[in-house]
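The structures come next, written out as structure tokens.
In what follows, chain A forms one complex with chain B and a second complex with chain C.
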Partner chain A sequence: MASPPLLRAACALVPTHGFTRRALALSALSLPQPHEQPLSDTAINALFGEGDDARRTLADAWLENAREEVRGRFQGRAQVPRVNEVLEARLEANEPVLRHLPEAFALLASPTYPLPPLDPRPGLKHAFKVADDACRIAGEATIGTDWYVRRGTLAAIYAAAELHQLTSPTTAYAFLDTLLAASATAKSSLDDVGTFANYIARSWAGIVRSSGVF
Partner chain B sequence: MVRNVFDSVASKYDLMNDAMSLGIHRLWKDDFVSSLKPGRRGPMKCIDVAGGTGDIALRILDYARETYADRETSVAVVDINGQMLKEGYRRFKKTMYHNTPQVSFHEGNAQELSKETFPDNTFDLYTIAFGIRNCTSIPMVLQEAHRVLKPGGTFACLEFSKVTNPLLGSLYDQYSFSVIPLLGTILAGDRESYQYLVESIRRFPSQPEFARMIQDAGFSTGGLFEGKGGAWRDLWGGVACIHTGVKL
Partner chain C sequence: MTLGARTLRSLAQSRRYLSTTRTLPSAQYTDPTKRHDIAIVSTPEDLPPSERHVLDSALRVDQAGEVAANWIYRGQMAVLGRDPNTGPIIQDMWDQEKKHIAVMNQMQVQHQVRPTVLWEVAKVAGFGLGAVTALMGKEAAMACTEAVETVIGEHYDDQLREMEGLSTSHPSIPLLKDVIREFRDDELEHLDTAVENHSQRAPAHALLSTVVGAGCKVAIELCKRF
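Then we have the complex of A and B:
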């Protein structure tokens, strides 16, 4: 992609201008070699897509930027961070643009075609990517089904916390912690149930085998 | 070669375009121009290269006038071929743009535009429709485009490209290798020129290759993919394709 400098500059303008074509147009003024005038509509169409598609490109770039920011924050640390810390850092990254975020998510969720009326995929993808990043930064070495379960759980938790953050920014961190703690408890209970079920099943198998039916 | 081909087809160029593409080239050109939105934010200085018969220039001026009531946008039409320019000039005489500063015709080579007529950093929009594949050196054309555009100016190219769908691809191959030269023979009495047209389409680089060439010339483009926010947009599954780039 040849326009990351522009998109990076535009991301810096999001707190003041929101996820708008105006932010994209003004980004040319903060390049290393600044232009005299903002980018024309034609140029924005050419680089980022027509109409709201340009805003979608900007929203995607901003989400990518925020993830990068979180990765950068934990890079080179001697101590491996916990998942909680990483997700909290990601919520913090939302703060400067919080009032524009509902609009951005609405934009990402509104499909270009009339059907279906709502497209949940970009939102799910966003939450999953954050969860995946968090696992990677926290150095979690899950494999197989656990890999998916862990990421799925974290994505759901993060999505819930982010939604919470949109309406009540200050309590979002506590909410995230509660959810993570609850999921940990649920996981350990589930594991216990699994162990117990396994034990019962084995016993039954032993009984059936020893009964001489087979 | 190109000069001869187009000299020989100039008078029947538009008729043949309609016959060969079944009129679809008009839809593509309309789509091309309306996607650029000339005149949206004030008048633009445009240059239409290889635009001899004025198809694109006329659409740009009409679009700016009808949509944004803009009568200040201007187009410089450049073509290597005098005959084609004459056709364009004749056509513009039938319109309100004749003898106004809105349109000018220049005979020139897209690979080396004259520096006096077209100084550096002059234009807001550079268009080239169905022309770049006929140039000997595509990188040189792109460099010249980069030179004459202002910073923030847009390069837009409409060109035949590679069909991505194999089924459509084979139909399209059948059509272009059997029907088009035949039409050339019947309507224009000139099989070879039309054979050349078909072959030149096959030799043209594919969408991602051409997008990379645009980047190599110094333009910024969208991502290297088709569609929204990408460097190119396929029309009719890649029969034609719109490539865009911006000089930063």
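Then we have the complex of A and C:
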């Protein structure tokens, strides 16, 4: 769903002005029919929330924008992309605003009320939404509990890669690839363990049944 | 049996009489030659959020219900599988449920629906219910089937009514309604089979039906949300 025009204009200003009320104020100047003056403080309070709440609204809108950008990038393609490519595209979408992102995440995690002191939920929701989008775009057909496991692992991998990107942007893509390869190896190892354990369990069941106890 | 279930049974019988020469709607999902049909691979994009939520929770509950039904029959087969009279009957009903869950899984992927968190719970509870009722006797197993299929039949009917209001012209929605109608008729056929196999003779039939029916309704409400 497209965000309102003001928020979209504000998102375009984030690379230069950061996730600030100033970006929200200046957004009115880049509308199709621009205003004369930037938005006043009361206008921002009314439209987007008081104090830091306005900045949180902007951060949420920017994250939503980035998701739409990734979706749009893979929309018309004939070949279905892999999950690696979609997550890399999402990391690329972070690059214009990389130096402002730590503040954005800090804003999302800091509370509006005194308790709880830190709220991990917005960060987790963001990672989960990215993973969900990646699975949908890549057309993964997981069912049941696997659906959650797959998205959980991808969310964790993406979150780790994004945190890596905040400190070391050039090596982030290699890091993401390493993590995805490691998770694939781990999954195949677990599957092998499961098959072997199943075999052993069935052997024991056969032994017990033939021992004449029952 | 409730008045509603009796009406549904007569509806199902008349529809079966009329549809013996048509191919089943779910054949579109199980037929390998129709794998790229637009009605099977894509989901309507133009649904407003409230209707999308209705579609989501409906498919989530249906998938969970079919998982539970599969595992109920698995539990019953584990106990009664070797019985020469009841075993083949339960096996037949289980095979139909296997087809149902295969179609439901395809629909979950097609419409990008979140499956229920209670997936494993549905499996365990279904197996437990099937095994316990089968241990109580053949008639109790049939009574359990009767109670579950009654609730499911009425539930599918409610869903069909809810889905009348979906305001999109995407071809997958009429197909979905046809498939649910077909599955409703299948479940009511299982209900008939259970009654024919003396489910009414089960010990404490009324109590058993009430408990199982109430449990199913609670499960449906939970799976709609979670």
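Points worth noting:
Here is the rule we go by: the second predicted complex is superposed on the first by the 211 of 214 C-alpha atoms of A that agree within 3 Å, B and C clash if a C-alpha of one lies under 4 Å from a C-alpha of the other, contacts with A are read in each partner's own complex, and residues count from 1 in each chain.
We take it that contacts are C-beta pairs under 8 Å (C-beta built on N, C-alpha and C of every residue); 3 or more make two chains touch, one makes a residue touch a chain.
For clarity, every value in this text was computed on a predicted model and none was experimentally measured.
In this superposed model built on chain A, chain B and chain C occupy separate space and fit side by side. More residues of chain A are touched by B (comparison of chain B with chain C). By the touch criterion defined above, A:G144 reaches chain C but does not reach chain B.
By the document's definition of touching, neither partner reaches A:L98: not chain B, not chain C.
For the superposed model, the angle subtended at the Cα centre of chain A by chain B and chain C works out to 90 degrees in steps of 10. Look at A:R136: by the touch rule set out above, it reaches chain C but stays clear of chain B. Once the two complexes are overlaid on the shared chain, A:L166 sits clear of chain B and of chain C alike. Put simply, chain B and chain C get as close as 13 Å, counting only Cα atoms, in the superposed view. Once the two complexes are overlaid on chain A, none of the chain A residues touched by chain B in the first is touched by chain C in the second.
Interface of chain A with chain C (complex): residues 136, 141, 143-145, 147-148. By the touch rule above, chain C contacts chain A in their complex via residues 67, 105, 108-109, 112, 114-115, 117, 119-120.
Across the complex, chain B is touched by residues 1-3, 5-6, 28, 31, 33, 35-37, 39-43, 45-50, 53-54, 56-57, 112 of chain A.
Those residues of chain B that touch chain A in the complex are listed here as 35-38, 40-41, 44, 124-125, 151-156, 215, 219-224, 228-231, 244-246, 248.
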